[in-house]
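Each structure below appears as structure tokens.
Same chain, two partners: chain A is paired with chain B first, then with chain C.
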Partner chain A sequence: MASVVTRGVIVGMWMVGLLGGGVGDASAQSASAPRYRPVASGHVRPFYLAGVADTGVRVPGFLLAERAVSNADFLRFVKANPGWRRSRVPRIAADPTYLRHWESDTVLGATAAPSAPVVHVSWFAAQAYAQWSSARLPSTAEWELAASRFVRSVGPTPERLQTFLIGSYAQAGTEAGTEARPSPSPASDEGIAGLHGGPWEWVDDFNSVVTSGESRGDGTPDDGLFCAGGAALAADPGNFAAFMRYAVRGSLRGSYALGTLGFRLARDPSPPSGRPDR
Partner chain B sequence: MISIRIPLRHGAAALTFGLLVPLLPFAACRAQGAEAVPASGLSERSLYRVTGRWTNHDGRALDLAELRGEPVVLAMVYTSCTMTCPLITSEMLAVQRALPADLRGRVRFVLASFDPARDSLAALRQHAEKMALDDRWLVLRAAPADVRQLAVLLGVSYRQLPSGDFDHSNIISVLDPQGVVSFQSPRIPADRDALVKAVTAAARASHRPRR
Partner chain C sequence: MHRPSSAPVVWLRTPAVALALGLLVVSACTPADPAMRDPLADRPSGAMPVETLQVAYAPAVPAPITRRSPARIVVNLETREVKKRLADGVEYTFWTFGGSVPGPMLRVRSGDEVEFHLNNHPSSKMPHNIDLHAVTGPGGGAAASLTAPGHSSQFTFAALNPGLYVYHCATAPVGMHIANGMYGLILVEPKEGLTPVDREFYVMQSEFYTAGRHGASGIQPFDMEKALHEDPEYVVFNGSVGALAGENALQAKVGETVRMFVGNGGPNLVSSFHVIGEIFDRVHTEGGSLANQRDVQTTLVPAGGSAIVDMRLDVPGTYILVDHSIFRAFNKGALGMLRVDGDANAVVYSGKQNDVVYLPEGGAVQAMPRVAAAATERELPRAELLARGQQVYAANCAACHQLGGEGTAGAFPPLARSDYLMADKDRAIGVVLHGLSGEVTVNGQKFNGVMPSLGLSDTDIAAVLSYVRTNFGNRASDLVSLRDVSRVRAAGSGGH
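Take a look at the complex of A and B:
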């Protein structure tokens, strides 16, 4: 799958970008990198449901990092890939708010605790980080699946999860610089922390929210904007927490680097044991 | 697949449950030195700073950055779409016809498919024939990650339905010769006059003579 392309660009894997590069940094992913936890397969009911069966969409099992990428993690990436320093990143890949809570290009400073989830990162930066880490971003469906499993800490009914989520969202948004703190909210049943109560998180297909017209407008659909988008119906209009997540994703652009938005990594399941590892 | 024109080194020691993953697949991706495309002079907002690997309907591999130097009218569609996609193509054809005669050979028209699974090269060729697209047109396919990235760059939303069809934005974009989005028509029917005006402005501003 790796392939060398025209004019020296190396493009082989998703978002590998490399030009210019140099020798790979052998310590790129240190022992402090987060562990991955298995998320068992299951069904997700997308908030916008057109064309989806009542049971929802089946999501195969996958691996999800047990915590979001931290400032310290992202600093290693930026040090190893100078093109992603905030003074050098091109505007097409990240807005001027990119990493603005850091003291400088390669110093975190007082407002960016090393262990806190990194925020002020664009989708392109998150994708490049994932590529560098030989991982990927979770899809919307994968993220939603993992984030729905809080029976142990919240209780068995969907209503209780909703109440819990809305409460945690109310605490989540604070001023830039202070929002990036470790989340106090409980881990999911599968041991994944920070899915709720911390920063929002990028997903690979954040731009898959196809609704008719401008949600902040007067509610009149503009059917000319989307092909078939006018048919999208909410699966569960009472699920306000899900509505908030989809509304946030639908309002993003790939270059946005918001103070309330970070990311975590996902991977496909490990290959079956017995395969020789090298 | 995709490349962002930013130096990026691979972590050579990525861990998966404490086991080193086989490094061989990445060896060929390792940095090979020099900056590929001279980004010099290219706007910070140029799409050509972030590009993917596409294949044209004639089978030719293409890096979008190769389109640098000419204005581009670009939309994302899928060829089995029976709803707005043929309309998008028709709108672009109308823009092509409405261009001043001296510019018609200096503007590229590009359709990029949402649907690599069903839009084979044969399907793309068939679409080009059916819509009577001339040699100023490219009809492109790429791997899903490249499709996603182009859509993000353009602000295009899309989602595949269980039926295999797609919900998607109806955006038609104009890129200037540097690859910067200079105008977007968000809906169908498109604002043809504004599209023609934007393309004409981009072409007239071009320093590069026709190749």
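Take a look at the complex of A and C:
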């Protein structure tokens, strides 16, 4: 799958260049941009263990935004990069539902609260936004690591986290364009809010999940995540909450702009030299 | 069930159909085994007529297919996540096909080409797909239909094998997608059609694993532990407790033939499907195309499987549909009703003809039954009375009225906060003494069933009524005494 990821990134960067979305100057972005919180290094057990040691993969420490990118944040990006306006974005970079909950190209309107997480954004748009913000999308492993730390509010056992997550995910879907609102779930131990129960979030390597769509057959090496067969290779077939997240990622393509999907930014621990740490 | 009195009609009908089928088989194919016929043999070389499929929501069934040649059938099915009633006062976030549990019933003809569009509503939190057991091909369509929220997938399959098939969502975690309500039935009619009947119904069993115990009110989340242990709180027909009971009962008339397309969505339990007071005249075991069984009392419906049962209705009354793993019926909700109107048929069923005292000890005791009983009858002190009442309740009443007195929607009236119970103490004593039949209204809900006389001693009747009238939210200021019961007994059964 590595080749697919690479190809996606290359295409994404090409689009970013094409449509605008280079590194923004500091004045383009307001002081209300989210703060970054350090996520301590740790081990993540990948959902599919094939070829991975049982202890999992070590993820170095990194910085993750304390909240998802909001409508107001994304509006600033769109204003600064007209190529990413709803009326101008090419279909290959975002499907027809891109920003459909906004009133117009540059007006949020009644159905998109400025502080609510932005949804109806494609992976390509999220990549462009991240580049413009001198940041990046978190990897799947990074996102999963940050999203597993809820000892303070949920308790130490994985079973309790599981129950908490299934409860968070089980709420009926809402037309997120009109109702995307901050997650009711508590922040993680490291102070990162909205990881569960709000919109799903893009990760950099979303398409490294090899879902064939038939999750039971996903037990063979060439078929990652199929329905009951998916259980054959899963590290923990009882981890329904993870199954749900991976199924979502597996159903996506880079141009999809779902009403239940947003994103947040990540950074390496040391800010790139010569640039202010925003 | 048909009895000898109605046999001429049935015996005439059945050989006639068999003969007709035989002629069809002989004239339409060369291989002797019908299962080996090529279902696509009559597929036209040019374009087929295109039809948009009309679906039906349970308990309704799409009309039989009258077409005698293959067509291209366009199906549009939407997946949607909705909050709905699971039982009175209990809500659940269902994941559905078509907004309902079970999903709509689809009906196509063997040899048809089915163009399937799976549309996932934009408000869905989850991606969904569909595995139709009627599909020949990897995943039954699932591999071709994983669909993100706000997207639509298309695939096409040929309906090869006739039979009644389950469809369900197969997105990981598949157990949870099924447990949340994503299943339904697709009937692939044999080319020659099914034996005609007067009425057809769609009944699908499934179970729900809620965090709260059975009856716990409010919005109930899915409980993964209970699902893993296959220990559901609810086992229901057509998606909720009472979906086929009371006002929602299936309706038919004496003399009609009725067919039930019975499915089992699971996700875990196998159903022992039974209709109390009826015998299935014909059964397509496991939903196959052949009516391979006659005169069946209870038929197994596998999880992810089906059965077709036909019965002729000879006697009016209410017939109860149950999973005969009987605690599921009386304690978890697997209970439906078929109400049959028409004239009584005393030859087939007499109803109760007599009720006399039966005493195995013989005539000497029979002469003075009340004397022996009276020796143990006595007024109990309050604490003892209520403790005894609780035991009597658990042993005699809880199976129907439930341990918490909440009753069973559409079947057994509640005793908890019951206006009917509390309005008239003597009437309540009379009901326990003599039983009760006919329509009653309890807390605004109508019930029309039969409660038998339980043959309790007067002391036990005083105890159990004292218990229920001071528990389950009922606040009687006084207890029921032995003297009260004796007085009502003396007044006789016409007294209420």
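As a working rule, the second predicted complex is superposed on the first by the 221 of 278 C-alpha atoms of A that agree within 3 Å, B and C clash if a C-alpha of one lies under 4 Å from a C-alpha of the other, contacts with A are read in each partner's own complex, and residues count from 1 in each chain.
In this text, contacts are C-beta pairs under 8 Å (C-beta built on N, C-alpha and C of every residue); 3 or more make two chains touch, one makes a residue touch a chain.
Small disclaimer: the values here were computed from a predicted structure and weren't measured.
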item	value
Chain B versus chain C as contact partner of A:Val57, first or second or both or neither	first
Contacts of A:Gly250 with chain B and chain C, given as first, second, both or neither	both
Chain B versus chain C as contact partner of A:Thr260, first or second or both or neither	second
Touching partner for A:Arg91 - first (chain B), second (chain C), both, neither	first
Most chain A residues touched (candidates chain B, chain C)	B
First (chain B), second (chain C), both or neither touched by A:Gly167	second
Touched partner set for A:Arg35, first chain B, second chain C, both or neither	first
Which superposed partner A:Ser133 touches (first chain B, second chain C, both, neither)	first
First, second, both or neither for A:Trp123, with chain B first and chain C second	first
Residues of chain A at both interfaces, chain B in one complex, chain C in the other	225-228, 250, 253
Chain C contact footprint on chain A (complex, rising order)	97, 159, 162-163, 166-167, 169-177, 200, 211-218, 225-228, 230, 238, 240, 243-244, 246-248, 250-253, 256, 258-261
Contacting residues of chain C [partner chain A, same complex]	80-83, 93, 121-127, 129, 131, 138-139, 142-151, 170-176, 221-222, 224-225, 228
Complex contacts: residues of chain A adjacent to chain B	1-29, 31, 33, 35-36, 50-53, 57, 80-84, 88-93, 123-124, 127-128, 131-135, 204-210, 222, 224-229, 231-232, 250, 253-254, 267, 270, 277-278
Sites on chain B touched by chain A in the complex	1-17, 19-37, 39, 44-47, 49-50, 52-53, 63, 81, 83-85, 145, 148-149, 151-153, 155-159, 161-163, 165-170, 186-189
